[in-house]
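Multiple structures are listed underneath, in structure tokens.
Next, two complexes with chain A in common: one pairs it with chain B, the other with chain C.
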Partner chain A sequence: MEKQKYERPHILRLETGMPGKFGMRNEPAPTTHIDGMAVSELAEKYGSPLFVLSEKTIRSVYRQAYKAFSTRYPKVQFAWSYKTNYLSAVCNIFHQEGSWAEVVSGFEYDKALANGVDPKKIIFNGPAKTREELLLATNNESLIHIDHLDELYLLIEVAEHADHRPRVAIRVNMDTGIYPMWDRFGFNYENGQAWDALNKIMHSGKLDLMGLHTHIGTFIMSANAYAVAATKLAELARLLQVKFNHKLKYIDLGGGFASKNTLKGSYLPGSDTNPSFNDYAEAISSALINSHFAPGELPMLILETGRALIDEAGYIISSVIANKRMSTGRRATIIDAGVNLLFTSFWYQHSITVAQGTSQYREDTSLYGPLCMNIDCIRDSINLPLLNPGDHLVIHQTGAYNLTQWMQFIHLRPKVVMIDEMGDAHIVRENEEMESITGLEKLPGHLSSIKA
Partner chain B sequence: MSDSIKILNQVFRSTINSYTMVFFSKNRWFGLILVLVSFFDIYAGIAGMISIFTANSFAWLMGLNRANILSGFYGFNALLVGLGLGIAFEPVPQFYLLLISVALATLFLTLAFEGFAGKYGLPYLTLPFLIALWIAALAARNYTTLMQGDSGIYTMNSMYESGGTAVVSIYEWFGDIHWPVAVKTYFKSLGAIFFQYHLFAGLLIAAGLLIYSRIAFLLSVLGFVSAWLFYMLIGADMNDLNYGYIGFNHILTAIAIGGFFMVASRWSMLWVILLTPIISIITSGFSELISSLQLPVYSLPFNVVVLLFLYSMKFRERMLLKPETVAVQYFSPEKNLYIGENSRNRFKNKAYVPVTLPFFGIWTVNQGHNGEYTHKADWKHAWDFVITGEDGKEFSGGGKDASDFHCFNKPVIAPADGWIEEIIDHIEDNAIGETNIQHNWGNTIVIRHNEWLYTKLSHLKRGSIKVSQGAWVSRGQILAACGNSGNSPYPHLHFQVQATPHIGSATINYPVSQFICHSAKQELKIYEIPENGAKVSNVETEQSLKDAFHFVPGQTIRYSNEDAPGHIGEWKVIVDIYKNHYLCDDETGAKAYFFTDGALIFFTHYEGPQSSMLYYFYLAAYKIPLSSYRNLQVKDVFPPSSFASSPLLFFQDIVAPFYIFLKPEFSLTLHEIEEDLNGNRVVLASEVNLKIAGYNRMSYRFTISSNGGKLERMSISAGKVNTVISFLRS
Partner chain C sequence: MKINPNLAVSESGFLFNPGTGESFTVNPTGAEIIRLLREGLSLEQVIDAFTEQFQVDRHTFEKDLHDFSGILKTYNLLEKDE
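What follows is the complex of A and B.
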């Protein structure tokens, strides 16, 4: 018989009375394995904390999303949003599945090129492109999404010296009933800026207007907002066709689909309330198909979905450092993964499960990270079983933004491993070492030694 | 080409074809031989030529169809009349008056018979010649200035007149030759067609016939031999064959029925044998009848038998029974056979209205034709489609609710253009597991695409139908959403093709024009039936290929050849009055015919010299799909006549009515694709291989590239020809 696990003694307030509105308390099962690999073994082999990515999940979610759109619309193209997660291993899975690349900086652009993406399949977004970057993208015939008039003028100038005509679209912002309205990017639809910019492009005669782009916000909880956006872009496309007899190649509805994470302050879990790919696809496809486009002449629909495609595939394996009790008597647990690794904990209530079997006893706990900073709180209140130092926790749905927005702050960043479809783990990013940080540093001569 | 050369060329073509058309041919070498033979009697030859010129010039001036004139259709009867008169009368000036008048009358008779027989889809053969010559012969008896010629009687004299002693000695040598009587009679019968009743003429014509067509030659022998045997068997007077050389009726009938009007096969040959006694009966019978007028029957038996046979064949209800009627006439029994047979296989789907799959994306057939659940009896040719997930299941979640099913509420689109015939849109969707057998088909749309062609989409979601009865819908237009109404325990789309407009009509076996089958790899299927379990999707058109191979009449395609620097070749896109489209190279006179069915471009036929670059384009682009998939592969077979003649082809021609062993194969793959929103660059690689008993006799390799919707380049590696031609952007 296996040795019984030791649990520290604790005193629990007796809770009596009716079960809650949703029945008895729901206790998530321990996450002992990720894609068939034991969490404890992963932690032992690669260290703790540890980022884990599931290739199987990435591909499966992508295919679900693609299916949701492709069974509703004849020509669908996803473009992987680099800023969401630009680990090359991740990008290449999406590219293998057929995704283009959507980048927002020269660095990301170069990264996409280095990943072997056909430059004609790179969409260059963002408000801050330099002249050099524009020239490079133009010569590569990449798709440049213009954000503001100054960029438009700059691009017309660049076009004079380039080998090819710039292939452009404009980013359009609009009122879709969503608050906040993201009007800091692109040209406004309602006040006519967008139509004005399109006229400038057509009259310039120097740019190839390929499509229209919008990105209405992030974590959009209403699919209908996309229907509004699609309808407005379709109207601009119709106007272009009427005035310039110009047919657009694509309509790009950007990203912003919500993942299954639960936003802070939500009463119900995100997996139940957030729109599904089917909901978004239905809204967008219906809007475009019901617009003026003839059946055979629907433009390509581009989607720059990031978060909703990758969130689910990311996990952080973390270990308990210590337990303590706060002044109020509230239980607190310190783990080795903090906001330095889990940027998204500022707005999500991440689902966190234990990695080993426990008894049925649980306690509301505050979960703190390892930083010596007050802000380093992963969950204010989470119902967890009784943990001992060294026990493992698994933080779920961490695939989006954390691997691009994580900080080297106080601690060095850990390894990232990916579990392939055969169930084998591969390191896709090494942990940082002292040299990774100090190697970039330069010491002026008079500071090279601390001995005066 | 200057105008005078052009006119001379047309005169030459119309004249030479008037000679060859007697043997249903347009072969120039054969024509030159026939001209030579006709001039064995110099005055008859001249009379024949004058007669042709008369008929053709009047035809031209009267504004008759020029293609017919150039093909010799209006000249060959006049030629025969001219020859007949030329042999019969002395060449006095009054004779030529008669000749020209009779030639003109022959033209009128030709037109009369063309109009009359044409209504029945029958040829006029040499009926105009018969009537004209008979009437002229009878009438001439009253014209005192005309004198009966003696060239037919004193052969030596006329020989000597036309060629001197040399010709006479050749003639004598042939006269002395000790060949079996049957062989001699065969050649003399051939000569008799041109009123030259001697061996030498017959030998020359036989050689010409062999040059023109091996099958025609074989048929001429078959017709003659069966006649010979029949006469022996029946115990008739051999003189019938021997003296009047009426044997040519058997020869011409054999060629006409055996390979010209009917596709050559063992069956057409059997008919040649079966018709032999009938020819003989008609010959003997009519000879008795018109002997009172002292007229020979000439080619009357041939005309009567061929017309009777062809007319009878039109009453067949199954036109594809052997022997088949030649559908497109190539004036060569070989081509009629090879191209006819080849086209029947290549274009067997041309009769179908293209019907595509009624949805977006990849769906799975979960009940196919002759399905195990409901696709039985009258409704066996139907499909049920669902969408399956990564796990192979049709639903996610519990599958307790219709909305758990991947296909539920997905758009259903029009499979082809048509009118909405009928709609039902009020039947409640079922709970999962339950069926509504009162309203078997549930919410349904029936679309009329054509007379006798309807499609039906059933079990649609209640209230989802977006079109109204009588409305015109285009292919790909959204009609409704997939639902779960009627006899449907879980959401699926029922799709069937039917010949009648009713909900509940029986299904017909009709293929989907093109789709992609997604198994381990993607496969392009053309006019096939999606099978149970198959994952299928519609084909996305490759716009770049579609644009590049969209040849617009009036357009000129220009190219430069690596091997001929500085020379710009031109192909014109031409459409003729029969709506045939072809590329024409004026320089070489080459023509490559093509057509598209929306999914593929076919090159159907090539005529002209095989040195022309257009010939290689025809070979390389024999069948081009207008879609591009990684492992796309297209296959086809050429008719053997698409390639230069060789001893092998000669042998093939002889055995062709029985077996075709030369099957040059065409295959095409996608070599490379560079995607670009402004038009992809697509490189196709095609091959022509001829394998005989595993040994590769011929292996041609081509690549054709299109860039941004324009033809870019073609590389040719075909035997001695290795070059690259670049198309100029226009």
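What follows is the complex of A and C.
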């Protein structure tokens, strides 16, 4: 006789008079497949943990965002924020969809060039560009966004020796009503620094002022903050037109749109509460259209949206290593993906689902990663079915920042696969091996052996 | 190890302790363990019965049973002198 399927024993005390927070129980369905591929097969073939990216989702989210803006504003241009996820396979999807590149270091700049991006369509942000990098970007006619006065003067110097005039914008910081105010990057609007820098650029006669840039923060839950930002940049554009008869080519409102993730400590899921692309697009387009710009003279609107475009397309497949009972009686489950792979678990309450059908029994569990470190907690408290070692879990919305800020710490990093629109999986980054780490090390002669 | 004989256990995995007025839900595996213990089986015999009947190895089940009986104890579901 075939033996029965085993589930570990479980008993739960029923609390009376204590309904759930909103009287609802939202029980996510198991994620048995990602874009048609069985999670268990992916784990078997490529190993666990495993990063999985959905090309279909990347393209469809991008198209939703583009449509939200292009139906409301005549000239819209996205520039893919490399730091959010600079796997070349990911960048090239965005470039195929029409995105420019937004980079913040020489490394990212070179990566965009290597991906074949037209240098004129690379936006070079960041507070730490070197003289060599500025010269290269100038000669390539890339768009250089000036962060501070030292950079402005350096660029005027660089311009003397360059083949082309630098094409520039300044980064502006401002009060948009959100807290904390990001005033560390760029020139301040309210205290006149930004206007001062624009005057210096115009009077230098050495730089081509193309646009204005701001990045007001990240995961901004208020669409109206963007309306404030757009209005302030439009005002600077008006002053330039009045004083210098200079027309700007673009206004770049940076990134910062919230993805559908849920921030830690939120009661309601982010998919219900966060503004949509339509909300942001409505706020921004109205602010620009209602400003002084004459019809037909609206500047191009550039957006450097990062997390909102890629979070949803990323998954981590992970496996249960062990179940434990803490001294307090709490259940704890250890899985093979920790904060080494999931940097964003410090801010997000990632949705986590099982990859196989289960009974209806649930247990309040703490979910820990495999690092031998107290910080390695993926979820303090999550209601999970009764899992056995070897069972798979799927961590959702992991596409932004994790594949750039993950760390090789204690464990080697796993493979990344992308499922294409036909449903076929491709390895887009190999797993690390011992050689990936030790290959960079050098042993001084007297330490090459442990014999004293 | 003996289960508190006053407990009322329903087919559907609902458990009532008339001594304290508390109720519990228990999954089929848990209910089966409680049933066997009430029949007077020793832990060793429960393990034999389970590994016979379910797709689970001795080692895993022993660990789970140990954990489960600990919880029964914290919930005061065992006989008083245990």
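Throughout what follows, the second predicted complex is superposed on the first by the 437 of 452 C-alpha atoms of A that agree within 3 Å, B and C clash if a C-alpha of one lies under 4 Å from a C-alpha of the other, contacts with A are read in each partner's own complex, and residues count from 1 in each chain.
Definition applied: a residue touches a chain if its C-beta (ideal position, glycine included) is under 8 Å from a C-beta of that chain, and two chains touch if they have at least 3 such contacts.
Note that the structure is predicted; figures quoted are calculated from it, not measured.
Set side by side, chain B and chain C differ in how many residues of chain A they touch, and the one touching more is B. By the touch criterion stated above, A:S359 is placed in contact with chain C alone, chain B being left untouched. Judged by the touch definition given at the top, the superposed model places A:K243 against neither chain B nor chain C.
Applying the stated contact rule after C-alpha superposition, one finds that A:H161 touches neither chain B nor chain C.
Shared-chain residue A:L386: touches chain C; no touch with chain B.
Contact with chain B, but none with chain C, is seen for A:S285 once the two complexes are overlaid on the shared chain. In the superposition on chain A, A:R131 contacts neither chain B nor chain C.
In the superposed model, A:I11 lies in contact with chain C only, and not with chain B. When both complexes are overlaid on chain A, the residue A:K264 reaches neither chain B nor chain C.
Put simply, chain A uses no single residue to touch chain B in one complex and chain C in the other.
The residues of chain A lying in touch with chain C in their complex are 3-14, 325, 329, 359, 361, 386, 388-389. Taken in their complex, chain A has these residues touching chain B: 60, 63-64, 67, 70-75, 118, 120-121, 141, 143, 167, 208, 210, 249-250, 282, 285, 289, 294-296, 300. Touching chain A in their complex are the following residues of chain B: 359-363, 387, 389-390, 406-407, 409-411, 413-414, 474-478, 538, 540, 674-678. The part of chain C that touches chain A in the complex is made up of residues 15, 22-30, 33, 52-56, 60-61, 64-65, 67-68, 70-72, 74-75.
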